[in-house]
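There are structures below to look over.
Common to both upcoming complexes is chain A, partnered first by chain B, then by chain C.
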Partner chain A sequence: MKRMFALLALVAISYAPSLAQGVTIEDVGIFSGSLQSDVQSYTEDTTIGAPEVPERILSNTFVNVLFNRGKLTLGFRFESYQNPLLGIDPRFGTTGAGTGIGIPFRFVNYVDDYFEVTAGNFYEQFGSGMVMRTYEERNLGFDNSIDGLRLRFMPVQGMKITGFIGRQRAFFELSEGIMRGADLNLDLKEISETFLPDDVYANFGASVVSRYQADQNPFLNLPENVLAWSTRANITVADVMLEGEYAYKINDPSATNGGTFNSGNALYVNASYASSGLGISAAMKRIDNMDFRSDRTATGFAQQVNFLPALTKQHTWRLITLYPYATQPTGEFGAQADVTYTIPKGSFLGEDETTISLNASVIHALDTTRTDAFHYDANFMWDDRIFFQDINIEIVRKFGKNFKITSSYINIKYDQDVIEGRAAINETKYGVLTADFAEVELWFKSGKGTALRTEFQWMGVSYQEGVERDAVNNGDWVMVLAEYSISPAWFFSLFSELNYNRTDPVKDPVTGEVTRVDAENIIYPSASVAYVKNALRVQVGYGRIRGGILCVGGICRPVPASNGLSLNVSYTF
Partner chain B sequence: MRISLFVIGLLVMAGTAFAQETTESASLPSVRIKNIAGDLINTADLGNTDQPVVLSFWATWCKPCLQELQTYHSILEEWQEAYNVRIVAVSIDDSRNARKVPAFVKGRTWTFDVLLDENQDFKRAMNVNNVPHTFIVHKGKVVWSHSAFAPGDEEEIATQLSKIVSAK
Partner chain C sequence: MKTFAFVLLSAVMVMAMSCDVIDNPIENPDVPIDTTTKVKQNVLLEDYTGHTCGNCPDAADVAHQLETLYGSDRVIIVAVHAGPFATPQPPTYPTDFRTTVGNELDNTFKISRAGNPNGLVNRVTRNGKFIQSKDNWAPAVTAELAKTPTMGLKLDHTWNATTKAIDVTVTADYIAGGTEDYYVVVWLTESGIISDQTDYRYDPSHIEDYDFEHVLRASLNGTWGEQLSTTPVAAGQKITKQMSYTFPSGSTWNPSKCDLVAFVHRYGTEKNVVQVIKKKLAE
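== the complex of A and B ==
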């Protein structure tokens, strides 16, 4: 293994002399690629719930290589999980040869004016992805590429027909189901410029995707061919955009939908207005039994065919990332509104712009009634039960070129039982918690490329009466961060979170009654240094890290809970 | 394992040999994505002219990216006058946030070009690992590339643009 890492390091060094991207060889073609390696040491820390890791050090490494000559592109990705980092699916270390090493992504692609062929692995998205989206998010341990054949025809400008057949990646193996699909996309503006007035755009599309998987269930008659389809339209007139998509899936009893024989459907509508200084968007989404996978027995992150993202704002302030919303594919009804307004320079607020962002979203349960063991009735409208609610405001104000202040307030209601899957359907165990969050970020830039950024965050959390609480993450929070950067090479970051007002449950041995008593505060200190040289980035960090999206050192990435030393290397050539 | 070592070994040899032979850097790959107005753009055409292009990969949820784009917003006019530069910000937001990008951008009065790389096809073709990642493209070739953003990096970009202008 040491040999492997030494060679990988040599790869990076051997390419380092080329400052810009890619390596061109006369009469041959262009080589380009990237390297990412994340290494983490783990120390058992029972206070924060960080487990003992027998290997003590875990690592994920990715090397992408692309070769391009004219219309032809070849590529592959080498992956190594020794063993997978905590938070990444351990099956990356046990499937295939069981070594965690392989080349699970390779392809050859040829593009001409009117057609395109891809053989091998590919990523694809139909519409907004409600029936089909394959993509890679390696920081989450996610890659659902299809291994097979994809054809695209562009018979006229503005018309694209895509068809594919293949099997989906399942870690270092392929999924049991065979996936087939086709998509038609029409862009009227591209078909004919005279067809529509200058400031009008119109797009229409339709998709079908199907999975074949043999039925080996001795008791149930499961559909072997599961068809999903969708249709979509997008019309833009000057500053106003309207968009809608509807998807349907035939009955597909699976491990994630409780074995129901109901069909599934989803509706998404979005409207927005955008002009200089004012942007407004509003959206609603209704999802009913739309979890779609290339294997009906798959659970968790594995083998998802479609993409059902949350209709809520993606917060990145560290403390509030403790409570992110995840779509409930079995059923939900959500709405969101978002307004961005910039008060221009020279207003009553002075010579600098002030940007105000308002956002609100609410996600309800669907109103359903079970009719028998395998079916339920679902009304179109929602049920009273709220899964998630978010109301937030952010104000950004610059004062000249060297000082900026960002301030936010967020109020969230979060159903732990549903979102984290901690209780059975209709059972209240952890209940709904309410989080109030506020932050102030101050940013100073001095001369000669140095800058200091500080964050002060607070989050107060209140719980329903009589419910259980998380064993570690309960109580209120404060966080302080300081990041000093010296452009273009160095980032130094220090931050610490404090979890206070914590309580532990105590059970009375006689009555059995549970009361809560004060528990010790937990501190999560952390420090990191990052060095950047052109497209090379190396970061070393040490500390107690809670799970969530972490944004320091100029990069945002999700990290699992841990206590130890981390090394992250990233390079593009 | 043996195959992987063989591939890596080949890469090492290729990297060493090719780096010495390199006289030019890569052209931009061809991916067809839309801008926020709705026009279809072929990325191979970006920076194909004599005008230098600053190409920045970003996302609405990435704070350092917003810091970078806000910096470009404040110095865009100055740079256009000095270097005749075009700034193209490529949003890698997926369908959770991509529909909000036009309102997000216009609400902040940003006037540079913004492309929507919703399934990250262009990001993969450019071998971008994480955002922000910034390239300077001139005559269809990448002449400078940088991962991350720190306040003050705009001065390094200005230096690179200045070299391009003075070399003309």
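== the complex of A and C ==
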């Protein structure tokens, strides 16, 4: 029980960076917190499609303050958007008082041995999150915390019951729908050590989440109470782990599912094996109409209640991030396999370790047929159409303590029409593009506390015959990066992307036929300097940043191109 | 502790029962027929759109459906083309539907940054939302139409087909008292323009002969209009404003497809539209 209490206490305080920091006031408690401020200037740049920003300068600021004494934790977050940075939803600047300033997150939390109470805002996740996951990803302008009451009850060790009721944050307002939910989680090993053999662990869980939103539509009979449920299991036997979750949602016609009255469901299965030096995992996921929001009219990132993880590797190399995959909540069938092997020291490859990672994934469309204006039939198996495919290999090789090489090759197929939502259903407009990506990263320690890291990236892109291409981001790319750090205080970074082999469309005035002609190369330079002193970090930079899609943790949003200076300050106390 | 668990488990069971499975999605709207001649509250539905926005024609259809249901004299649509989706993209989307007024509105209300299609319904905040997505238009319009009007509007005008000059007189009839933030605006819109539009409901989604309706062409008196009175106005009073406008030289606007839209809004404060009316420019 003590262990569980410690765990829960950890969850309760995880809103703040750490309780190790903070200001202790004798006989009162501990205050701690953090500050993050991002300021960016914008210059219109028609070559890259950077729009004119009337404000010239935009900024986002977040300040967390937390107070803890024993079992009690209080906290709030101050947010200021003057106005929201481009790519962040502008409603952070227009809702509520309309000033972009407010305290949209505040809570009181009390944790005891057998129960926990939270009043105010909280983040919660049931299972893998397929019916319920609330979290903050401020760099994407995403925060779907619930404001209300949450109770947790731990009657015996290994058993946890959670229930909540409240409304979801909607920028500086609360969402129209009322959310209620409950979850049961059982850890058999914790309930009884003797119940399972020594190297067997088993977790089971079940959740229900429901939304109430009044039907005020004069044309349609809309469901006012929409229920979603899920059930899950996670079993580990020695080095092998098997986990699965199934979720179901009753009819929920919404802005994001084309108003269908079909029910929704999702299935996720993952098997993995891990031993020293070798890791293997294979997973499949089928999603049909599982976009769940606290407001049926919400689109984009607004008011998402659940989280459908992308079953593809999230690449971080800058060039390939131009084509990230985002889960299609209306329907997809995906599979992924991943193998990581570390060739130990002293093998035929010499004195140092070499790690090889192989990863492949493919996401297909669901095989569906419309039956009437409000319904469709979906087969369990997939359709031939591929939304996304990725085959990649990464090799990391160390040479002593002072030199490391990381090299990768990635090949993706990317259906721009579906992933970027740029065409009619089943229309081939931008088509499926193929990108071949290769990189070499060299890291070496050049002296005491100094290190140089360089990256060389290339990406070649090929298109289907006769399709349209993005007006700016088309053609091939190279990129060079150099980062020099003098720890613990200084970081210097320089990089430049070059977009070449670009083309522009030209329409023949007589025949109306569209052909493509060569267009100018575009260079995207960036530079930044960061200074760190204890918990303070200040970074200034300049960048001509290409437009594209920014993804964090499997959710993505379009970000327009920009050209300007940036200032980022962060501090924790 | 047992009570606690019992309460939680009961909550789960209650929730499991609270779900509405719908067998018949279509509802026949019940529109009360009001034949009285008294002043009614009309609705200004600003549809922020763009010709490369593939989901926008669907929203335009929702607006049209509401206009048909409640009457074009009561639901007054204005299509504001602004933002990245409205930028001309030659050679396939060459027409520039943007206007100075539309750009200023879009920059002020930050609509295209929030995404298109999106709209404003009488510029009111409803359930915490000022920007209304298309699925909110029906409930928001229905709620606005049901309100008791606080003002009547009358629009008289003359149109000179030779000089393409318009003279407009707007009379605001204060049914309830008003404040000094009441501003009157007169817009010119045009329908029946045929040009290129993306429409994701069709394959191919490039529609070459899309019919653009209610396109905002110009304002007769600036983006925010002019103040009706510098002091509060008592109920029962009438205030008249006059304005003139001439089509830009070389304009291809078809006067017989143009409408004048006059509305009073609360500038710089509550933002909401107090009353709106529409009149054909020329027969």
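What we mean here is this: the second predicted complex is superposed on the first by the 539 of 573 C-alpha atoms of A that agree within 3 Å, B and C clash if a C-alpha of one lies under 4 Å from a C-alpha of the other, contacts with A are read in each partner's own complex, and residues count from 1 in each chain.
By definition in this document, contacts are C-beta pairs under 8 Å (C-beta built on N, C-alpha and C of every residue); 3 or more make two chains touch, one makes a residue touch a chain.
Bear in mind the structure is a predicted one, so any value in this text is a computation, not a measurement.
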| item | value |
| --- | --- |
| Superposition on chain A - do chain B and chain C clash or fit | fit |
| Partner chain in contact with A:Q216 - chain B first, chain C second, else both or neither | second |
| Contacts of A:I250 with chain B and chain C, given as first, second, both or neither | second |
| Touching partner for A:V226 - first (chain B), second (chain C), both, neither | second |
| Chain B versus chain C as contact partner of A:R133, first or second or both or neither | first |
| First (chain B), second (chain C), both or neither touched by A:S570 | first |
| Chain A residues touched by each partner, larger count belonging to chain B or chain C | B |
| Touching partner for A:S281 - first (chain B), second (chain C), both, neither | first |
| Touched partner set for A:L174, first chain B, second chain C, both or neither | second |
| Partner chain(s) touched by A:L536 [first = chain B, second = chain C, both, neither] | first |
| Lowest inter-chain C-alpha distance for chain C and chain B in the superposed arrangement, angstrom | 17 |
| Chain B/chain C common contact set on chain A | none |
| Complex contact set, residues of chain B against chain A | 1, 3-5, 7-9, 11-12, 14-16, 18-27, 29-30, 36-40, 59-64, 67, 70, 74, 94-97, 99-100, 102-109, 111, 118-121, 124-133, 135, 141-153, 155-156 |
| Residue ranges of chain C in contact with chain A within the complex | 1, 4-5, 8-9, 11-12, 15-16, 18-22, 24-27, 29-31, 54, 65, 69, 84, 89-92, 107, 109-110, 113-115, 127-131, 133-136, 138-139, 142-143, 199-206 |
| Chain C-touching residues of chain A, taken from the complex the two chains share | 51, 54, 83, 86, 89-91, 93-95, 114-115, 151, 153, 155, 161, 163, 170, 173-176, 180-182, 208, 210, 212, 216-227, 229, 250-251, 253-255, 261, 296-300, 374, 421-427, 429, 471, 505-507, 514, 560 |
| List of chain A residues in touch with chain B within their complex | 3-4, 7-8, 10-11, 13-26, 30-34, 36, 63-66, 68, 73, 76, 78, 80, 97, 99, 101-103, 111, 123-125, 128-129, 133, 135-136, 158, 187, 189-190, 201, 203, 236, 239, 241, 243, 270, 272-281, 283, 307, 309-311, 314, 316, 338-342, 344, 353, 355, 357, 398, 401, 443, 445, 448-451, 485-488, 490-491, 530, 532, 534-537, 549, 551, 553-557, 570-573 |
